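First chain written, first letter: the chains are A, B, C, D and E, and each begins at residue 1.
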Amino acid sequence: MSLIEPLQAADEDGLAHGIAKTSRPGFVRSTVFGSPAAMAGLGIIVFFVVVAIFAPWLEPYDPTAKTGPVYAPPSGAHWLGTDDGGGDMLSLLIAGSRVSLGVGFLAALVAMLIGGTVGVLSGYFGGTTDTVLMRFTDYMLVIPDIPLMIIAAALFGRNLKNIVIIIGIIYWTSTARLIRAQVKSVRERVYVKRAQALGAGNRRLVVKHVLPQVAPLLIANTVLMIALAIFAETFITFLGLGDPSTISWGRLIENAFTGEATINNAWWAIVPPGVCVTIVILACTMVGQSVEDGLNPRLRVGHLSVKRFRVRTPAGPEASK
Amino acid sequence: MAPPGADARLLDVEGLIARYPVPRGLLGAVMRRPQLTVKAVDGVSFSVAAGEMVALVGESGCGKTTTAQTVIRMVEHQGGSIRFDGTEIGSLNPRELRPLRREIQIIYQDPYESLDPRFTVRDTIEEPIRVHSLVARSEDREAKVHEAMERAGLTPPELFIDRYPHELSGGQRQRVAIAAALVLEPKLLIADEPVSMLDVSVRAGILALLDGLRRDGMGVLMITHDLSTAAHFADRIAVMYLGRIVEEGPAREVVRNPQHPYTKALISVVPRRDPDQRTVPQILIGETPNPVNVPPGCRFHPRCPAAEGRCKETDPELREVVGLDPLHRAACLLL
Amino acid sequence: MRIRRLIAAALVTAIVGVAAGCGGGSDSSSGVLRIGTASYIDSLNPFNYIEGQAYIAMQMIFPQFVQYNDAFEFEGDLAESWTTSEDGKDWTFKLRPNAKWSDGEPLTAADAAWTINTTVKYAKDATAVAAAALAHVKNAEAIDDTTVVVHYESPVGNVLAQLEQVFILPEHVWGPKVGADGKGLKSYHPEFNLPIVGAGPYTITQYEKKGTTAFKPYADFYGPPSNASGVALTYYTNADAVIAGLKNGDIDWTDQVPFVAVDAVKRAPNVVVTTIPGSETTNITWNSNPAKPKNRELLDPAVKKALSMCVDRKQIIAVVFAGYATKVESIVGHISPLENPDLGPLEYDCAAANAALDKLGYAKSKTTAVRMVPATTGTYAQEAHQMAYEIVTPTSTDFNVDRSFDIVKDGFARLGVTVTQKVGGDATAAFAVETGDCSGPESKQYTGFDIAMWDWIGYVDPDFMLSVVTKGQWCSWSDTGANNPAYDKMYDEQGITVDPEARRTLVYEMQKIVYDNFYYTQLTNHLGIDAHVDTWTDFSPKLSGYSKVYYTSPRQP
Amino acid sequence: MRGADYVVKRVAFAILTVFIAITLNFVLFRALSGDAISGLRCRQCSVAFKEAQRRNLGLDESRWVQYRLYLADLAHFDLGNSVPSEKPVRGELVEPIKNSLPMIALGTLFAIVFGTLVGVVAAWRRGTFADKGGLYTALGFYSMPTQWLGLMLIFFVANAIGLPSSGIKTPTLGLFADASTWALFSDRMKHMFLPALTLGLVLYGDYALIVRSAMLETLGEDYVLTARAKGLKNWAIVRSHGLRNAMLPIITLVALSLGFIIGGSITVEYVFSYPGLGLLTVEAIDKRDFPLLQAIFLLLTLSVIFFNLLADLLYFRFDPRVTT
Amino acid sequence: MSSRPPVIRVEDLHVWFALPGGGELHAVQGVTFELREGERMGLVGESGCGKTTTILAMMGLLPATASVSGKVILEGKDILIGGEETISPHRWNDIAMIFQGAMNAFNPVKTVGAQIAEPMVLHGLATRKGARLRVAELLDLVGISGDRADRYPHEFSGGMRQRAAIAMALACSPKVLLADEPTTALDVMVQAQILELLVSLSSTLGQELGLTVILVTHDLPVVAQVCDRTAVMYAGQIVEMAGMSEIYHDPRHPYSRMLFAATPDLLGDEEVASIPGAPPRLDREIAGCPFRPRCDSVFEPCATLSPPRREPVAGHEARCHLNDPALTEMAS
C-alpha cells in the first residue's frame, strides 16, 4: 500500500521551488473555495445576479413611473427615497442591476471570445500568425480605450448592443496577450510535445490539452473583464452616451449628476448606485484576483515576512513526539 | 565495420545535420550582420538495432536532445538521412509520418511535465490509441491500457487508472509515461534523460524496466548525461561533443578504455560510489564553446590536453582504433 | 480632515491678506457684477459666432441702431430717430452726435454705412452670419456724420427687428481686415486683440473662452452708464456648478437655474429667484416632407393630432420643468407679440385619440396590441406595417429630454403606438433629421426620420420661426422637411408687408397652417429662471439678448 | 553598445505605431456616416455655406487625396480648423492642455507616492493588519467609478472643508484688480485639489495593487532568501532588493497607465467642470467637431505611444538583462 | 581531530510546518550531529527527507509557518534559542550558505561584485572601497578573474555563477559553510571543478579559515568523493551517520545499504536495484520504524518500536533495531 501513498511529504522540502505552474482539475473550485475573499466576492456576485434575474418581482414600484414626489428622502414608502423624476430609487437600483450586470457579462463574453480566440491562435501557431496578430494587438493596445469608447459610443449610435460590442472590442486585447502568453507556455509543455509526437492533430492538442490549461486563466480574466465592462458602462453612460431607454447604475449616477441631486441634497440618489457598482467590481476583482494568484505560485512564497518562525520550548507537548 | 546484425538495424542515422538561425535582430538585419547559425547537430551518424539499448552521452548543449528530436521529426534537419526499419523517414510529410509515429515513441526527462495534469492515467495512456484510432471498442481499449500499465509495472492497474498525475509519485509518473508509449507497441523507444529528475531510490526501477523492454526486442535510444547509468544499462555508448559523436563503442569498452581525450576527461570526473576509490579528476580548461562558433579542425582542440598543430586544421572522422574492439571507434587524429 | 481644514483656512487667509495688501479696496470685486452662465462666448466677431452668449456680449460692446425696451417695443440705441419713405424702401436713421469709439476715434454714420455695405457685399460667404439680418438691403449711404439711409430693394415688414440684430463696427479697425474676398473679416478675432474697439456701455479687457470675461464700463458711452463698476461673466460647464457658485458667493447672478433645482435654490438665504417669460418652446417634430417614403401615415394631420392628444403635457410640465413652463400651441411661442391666440388648445384626451385612430382605420393587432397601418398603393405605396417609430432626441437641451420622451412614449403606448428613442448631441440629431446627407440629391433629404423631440428658441419678431418650415430652409434651419408652396408664398409676402395689421393677419394665418398641419406638436413654453443674490437689485433678465440694459441696470445699494 | 538593437527596435515600433495611429485616426472618422459638415447647425448654415465649408476642408476630394492632404497637414503640425468655431484646432488645444496637465500631474504624483508606499508596506507586512488595510482600501478605490468618487467628494467633502468644486479659478480673482502671484497660485491649487484627489485616489488603488503584487513576486525570489541569509535586515532587503527589482514591473505599468490617464481624466474634468482636455473632448463629441476630436484622439494615442516607449526604454535602463 | 571542540553542534533539532488546512508536518525529527573545524560532512537523502529544512533551520531562514525546537550550538553558544534575534548576528559572519540553484540566488539587476560585497559592508567588515578589493580577491580565490566583479549574473555561465555564489558565501569569512545541492543541474565537468574548490577551501584553507562544510545532496557518489563523514537522512531523521568509508563498507542501516545498491557505479558490475515504495507522510504519527514498509530486513519490533539512536561502533551511529543485539536475538 505504501506504493500509492501520495507524495505529500515532497512539499516539505519543496518550500523553495514552489508548486508546478500548471492547473490541476478542480483548481478553480479549490482556489475560490479556499479563499475567504473570493468566497465573499462570489457571494456578492451571486446575490446581484439573483437580484438582476428576479428584478421585475423584486421592484416595489415600477421604476419608470413617477411614484412619489421629486427627491423625496428615504421613508417607509420609499426605502431609498426618490430621484429627480419621482421614481423609486430602490426599484431603479434593482432594475439597474439588470442592465449593468448584463452589459458586464455580455461585453466580457465578447472580449473573452475575441481575445481568447486571438490569444489561442497566436500562441498556438506562433510564427507569422503570431507576429501578425500580436502586431495588430499591439496597435489596438495603444489606442486610448476610454476616449475611443466615448467617440465610438457617440458616433455609432447609442444603444446597449453597441455599447456591449464597443466595450468588448476595446477590452479584448489584454485578454489576447494574457492568453497568448499562457498558451505559448502550455504549448512548450512536454505533454503537449509528447502528444504532438504521437501524431495528435492541432484540434486535439488545442481542445484536449491547451484549452483546459488556459481555462482557469480565461475564467479569471473574464471575471476581471466583467468588472471593467461594468465600469466602462457607467463611464459611457455618465457622459450621456448610454442607451437612454434603459436603466443602469451608470445611468442612475448620471441622473444624480445632471438631475442636480447635489443641489437638492439628495444623497440617497447619489450614494446607492455608486456603492452597488463599487461592490460588484470589488467582488469581481476579488474572485478574479484569487484565481490569478492561485495560478501564480510565486505570490504564495514570501521569503520576507514580518512574522517569524516560532521556537518551541523543549518541554512543549509537541516536542516530545 | 558495420554494427552487429546490420539487417536488424531499426534506426540508422547518417550524417545528420540540424541547425537553426540565431536571431540577429532588426539592427543586425539592417546593418547586414552575418546570419549566425547554431550548429546543434553537425554530422551525426549512429544506429540502433532491435533489442539494443544505445546511450547517447554528453554534457548539456552537446546536441544529444536535438538529435533525438530530429529523429522523431519534431525538429527539422538540414542534412543527412534517417532510416527507420528500412524506410527513409527524413523526407516524409506529416501525413506519411503518422503511421511511423506509432513505431517510434519517446519518453521525456521530467515526468512532472510530460503528463497533462488534467488527464487521468487512463486518459493519458488511452490518448495514443485515440489519436491513431486504433481500437474502436471501449472494452478492448481498456484491456490494452491495463496491459500497458502492467508492462510498465503499474500493478494492479485498478489502483492507478483513475488517478491524476499529482496523485502519483515521480517514479509512478514516469511509469505512466512509459505505459503511454508502450500502448502502441512501438519498435523503437527514445528515452530522453528518463531518470535524471527522479529520486535515486526509484531510478534503478525505471532503468530496469527499460532494460526489460530491450530484452523483449525493442530498440532503445537513451539520451543521458550520466555515464554511470549508461555504462550500466546500455549496450553501446556514443559520446557527443559539440554536435558530433566523438567516440562510440560497447558500453563497457568505452568507460573502461576510453580513447578520445574528451571521453577520458569526462570519465575521470565521474564521482565513484566507493569513497576509497578517489578519482583524480582531469579537469578541462574553459567551458564547452558555443555551438554557434564551432572551432575549425578538431572541435575539441582548444580544450584538448593533447592537442597538436594538425588538430587545428583537420576535422577528424569517427574511425576504428587500431588494436581495439572493431566496434569501438573514436574521432581523434592522435589515435 | 482637521489638518486639511486648517490648510484650507490658511490658504484663504493668505489670499485675502495678499489681495488686501496690494489692491485698493478691501474687496477687489466690490461693485463688480459677477454673472455665472452655462454657455460661453465663443467669439466676439459678429461675422463668426454661434453661441447666444456671444451675441449678448457683442450687444454690450457694439452699437446698434435700435433695441427693444422691456415692453418689447423698439427704442433708439445709436439712432435717435428714424423715418421711412412712402414706398417703405428707404429708411433714414438719425444717429447720436458726439458718439466715440473706445479708442477715441469718432463714431459716425460712415461706420454704420460701411458695416452694412460690407456685410451685404460678402453676404454669400464671409459675412453670411450677419447678412441674414440684412435681407433685401441694397446698400446704405451716409448722408452726413449723423445721418444714414438704408436702401431696400423691396419693402420689408420687419426692418427694425432685423436691424436690431446688426452690430455697427469701427471701419478704421475692421476695414483693413476685409482683404480681397472679405474672408479676413471672418478670421479676425477681436477677442485676441484686447481691448476691443467698441462703443457700447462696456469694453472687454479680458477674454477667456471657457473662463471669465471681464467687461469694463466705457466712460464715453453715449447711453446711460453702467451701474456696476464692472461685469465678470463666468462660464460654468454645468448648472450644478453655477448654483454652487451662487450659493458660496462666487457669482451674483445667473440666468441658468435648472428647473429641478429651482426649489432648492429658493431655499438658499440671500438668493432671489425670478422667472421671466421664456422664449424656448419644446415640441414633437414630425417629418412633414411630402415625399417621405416610409411611414407616410404620419403625414396625415389627423393621425398626428390623435397621437398628440394623448401626450400629457401637464405631466411634462410637472416632471421635466418642475412646473416652470406653460402649454403653448403656436410655433412662435409666447415671446412673440404676434402669437395667434386662437389656436387649439389641443385637449389631453386619450379616449378620443383612440377613437380617432380607430376611425382612421388603424386597427390594433390582436396579438401585439400595436396598431397596424394597412398597405397602400400609388406613387408612395407602402406595405402594411406596425405603428412603431423611432424618435430622435438631442442631448444638449437645457431640459431633460429623456424624461419628456418617457412621457410621450407612455402616451403613445396607450394608443397602441410604440416608439423608441434615438439619441445624439445637437449636431448629431440635426444630422439624423436631415438624414445625413444634405449634399446629396434633394430627393434623399428629410427621408430618414419620422419623429424628433426638440426645442426652438424664438424671437420677438415671428419672422424667423415662421421661416423654419419653409422649403427655403431645407438643409439649413428646417427640421420638419415641410414643403408647402402656399405657405412659402405667404411667408414671402409677410416679409414685405409693411402695414403692421396686414402683417399680423398674415402671420396669424401662417401659424394656423403650421398648427393644423401638425408640422410640430407644440408641447411647452418654458420660463426662464434667473437667480441673483439680494445685494443686487434692478435686474432686467427678460432683456437678455435684446438690450444693453441687461448688463447695465443692476445696481448695488 | 548594449541593446542598441533593442532601442532601435522599440523606437522603430513606436514610429510605425504613430503612423498607424494616424491612419486609423483618419479612417475612424471617415467610417462614419456623414462628414464633419453634415451635422453643422448654425445661423448661417445654408446649403451653399456648407458646400463652401466642405471645400475648405477638402471633403469634396477623394479619400485618397484627403488622406494625403491630412498627412501633409500633419507634417506641418496643422491639425485643421475646428468646424463650428473655424479656428485652428491647434490653438483650441493649447489652453485645455495647459489646464489639464498640472492637475493630472498632481493626481498622478499623489497616486505614485501613496500607491508605492502602501503597496510596499502591504507586501512587506504581508498578512498583517497593515497589509489587509492597505489592500482593501486600494481595492475599494480601484473599484469606484471615477465620476462617482468625484460626486461623493463634491457632495461630502467640498463644502465641509471649503474647497471649490468646479472650475479652475475664482472667477474675478485678479480681474479688476491685480492679484499676487501667490494668490493666483493658491487659488489654482485649491481648484485643482479635488479633481486631482479624485484622479489620485482611483489611480492610487490601481498603483498600490500593482506595487503590492510586484513586490510580493519579488519577495518570493530566491535572492531575497539569499539576502536574508546574508544577514540583511528586513528594511534593507525591501529597499535594496525588493523595491529595486519590483521597480521594473512598476515602472512599466505606471508608465503604461500614464498614457491612459489623460483619457481617464475625462470624467473627472466633467464632474468638476475642469476646463481641460477631457471637457473639451465631451464638448467636441456633442458638437460633432470632427477635426477637433481627431486631434484630441491623435494626441491621446501619441501620449500612450510615447509612454509605452518610455516604459520600454526605462525597462532597458534598469534591467541589465535586456539586450535584444 | 576529535580532540578539538566542535565548531557547530545541532542537538535534537525538530522542525514543524503548519499546514494550510490545519495540522502539522513534522519535517525534522530530532536531528543531532556535530562538526569540527575543517570537517566536511555530507547530508544525504531522498527529496522530502528534511535535509534542506535542517540547514535552513540552522540559518534561521525558516518561514513563518515553521516552528522549531532543539539547539544549534555554535562555539558553545545556543544560537537557536532566541529565534531570529539570536541567529541573525551569526548569519554569514559565522554560518554562510550556498543555495540550491545559484542561478536564482543572485539578484539579476545588481552586479555580482556588489552582491558579494553587500554583507561585508553591512556587517561593517569593510568599507565600500575595501570591499571592492576583497571581492576581487574572493573571485580570484574561486577561479574567476577579479575584473568580472562588475558583470551582471546573467553574463555568467552556470558554473561561474556557482563559483561566485561560493565567493559570496566566503565574503565574511564564516566558520561553517552550508552547501545545498551546489552541483545539481551542473555538468559533470563543472561539478568536478566546484567540488574540487570546496575540498580545497576546507582542507588547505581549513587551517586559517576553519571552514567547516556541510554538503547537502542526493548524490551519494558526490558525497563519497568529497566528504569525510556522512549522515543519511530518512523521513526527517538521521538514520545513519559515520565516516564515509565505514558507511560504504559496513552500513548499519538497511536504507543506507539499499541506497548504495540503487546507485550505479561507473565501473562497477553489481546489479543496481531500486528501493520499492515511497517515503512516509510526515503529517501524521508513524508507528514503529518509518522505513519499515520499504525495508528488506524487517522483523517484529520494527512494526511497533521506533528505533532509537545507537552507536554500535564508536563514531558510527544508526537508528535501526538490527543494531540492538537484544532485539535481534529475540527475533531469531
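The criterion applied here is as follows: contacts are C-beta pairs under 8 Å (C-beta built on N, C-alpha and C of every residue); 3 or more make two chains touch, one makes a residue touch a chain.
Remember, predicted model here, so these are calculated numbers, not experimental data.
S.K.: What shortest step count links chain C and chain E in the network of chain contacts?
M.R.: Step count on the best path from chain C to chain E: 2.
S.K.: What's the chain with its C-alpha centre farthest out from chain E?
M.R.: C
S.K.: Among the chains here, which has the CA centroid at the largest distance from chain B's centroid?
M.R.: Farthest by centroid: C.
S.K.: Does A-D or A-E have the larger number of C-beta pairs in contact?
M.R.: Pair with more contacting C-beta pairs, A-D versus A-E: A-D.
S.K.: Could you state the distance in Å from the CA-based centre of chain C to that of chain D?
M.R.: It comes to 37 Å between the two C-alpha centres.
S.K.: Just give me the whole-number Å value for how far the CA centre of chain A lies from that of chain B.
M.R.: One centre to the other, that is 46 Å.
S.K.: So what's the Cα centroid distance for chain B and chain C, whole Å?
M.R.: From the centre of chain B to the centre of chain C is 88 Å.
S.K.: Give me the residue numbers in chain E that touch at least two other chains, ranges are fine.
M.R.: In chain E, the residues touching two or more other chains are 47, 99, 276, 278.
S.K.: Hey, what residues on chain B touch two or more of the other chains?
M.R.: Each of 169 in chain B touches at least two other chains.
S.K.: List, in ascending order, every residue of chain D touching at least 2 other chains.
M.R.: Counting only residues that touch two or more other chains, chain D contributes 221-222, 225, 228, 270, 285.
S.K.: Please name which positions on chain A make contact with chain E in the complex.
M.R.: Interface residues on the chain A side: 1-3, 5-16, 34, 302-303, 305, 307-314, 316, 318-319, 321.
S.K.: Which stretch or stretches of chain A touch chain C in the complex?
M.R.: That would be residues 64, 66, 70-71, 84-86, 154-155, 157-158, 240, 244-245, 257-260, 262-265 of chain A.
S.K.: Using the touch definition up top, name the residues of chain C that touch chain A in the complex.
M.R.: Listed in rising order, the residues are 238-240, 243-244, 258, 260-261, 263-265, 315, 319, 322, 393, 395, 400, 402-403, 405-406, 420-425, 428.
S.K.: Which positions of chain E touch chain D when the two form their complex?
M.R.: Listed in rising order, the residues are 59, 61, 88-89, 91-93, 96-97, 99, 101, 104-110, 115, 118-119, 122-123, 152, 154, 168.
S.K.: Could you pull out which chain C residues touch chain D in their complex?
M.R.: 1, 4-5, 8-9, 11-12, 14-15, 18-19, 21-25, 28-29, 32, 34, 36, 42-43, 48, 50, 124-125, 128-129, 132, 186-187, 189, 206, 209-212, 214, 216, 229-230, 232, 234, 236-238, 240-241, 244-245, 248, 250-251, 395-396, 425-428, 430-431, 434, 436-439, 474-477
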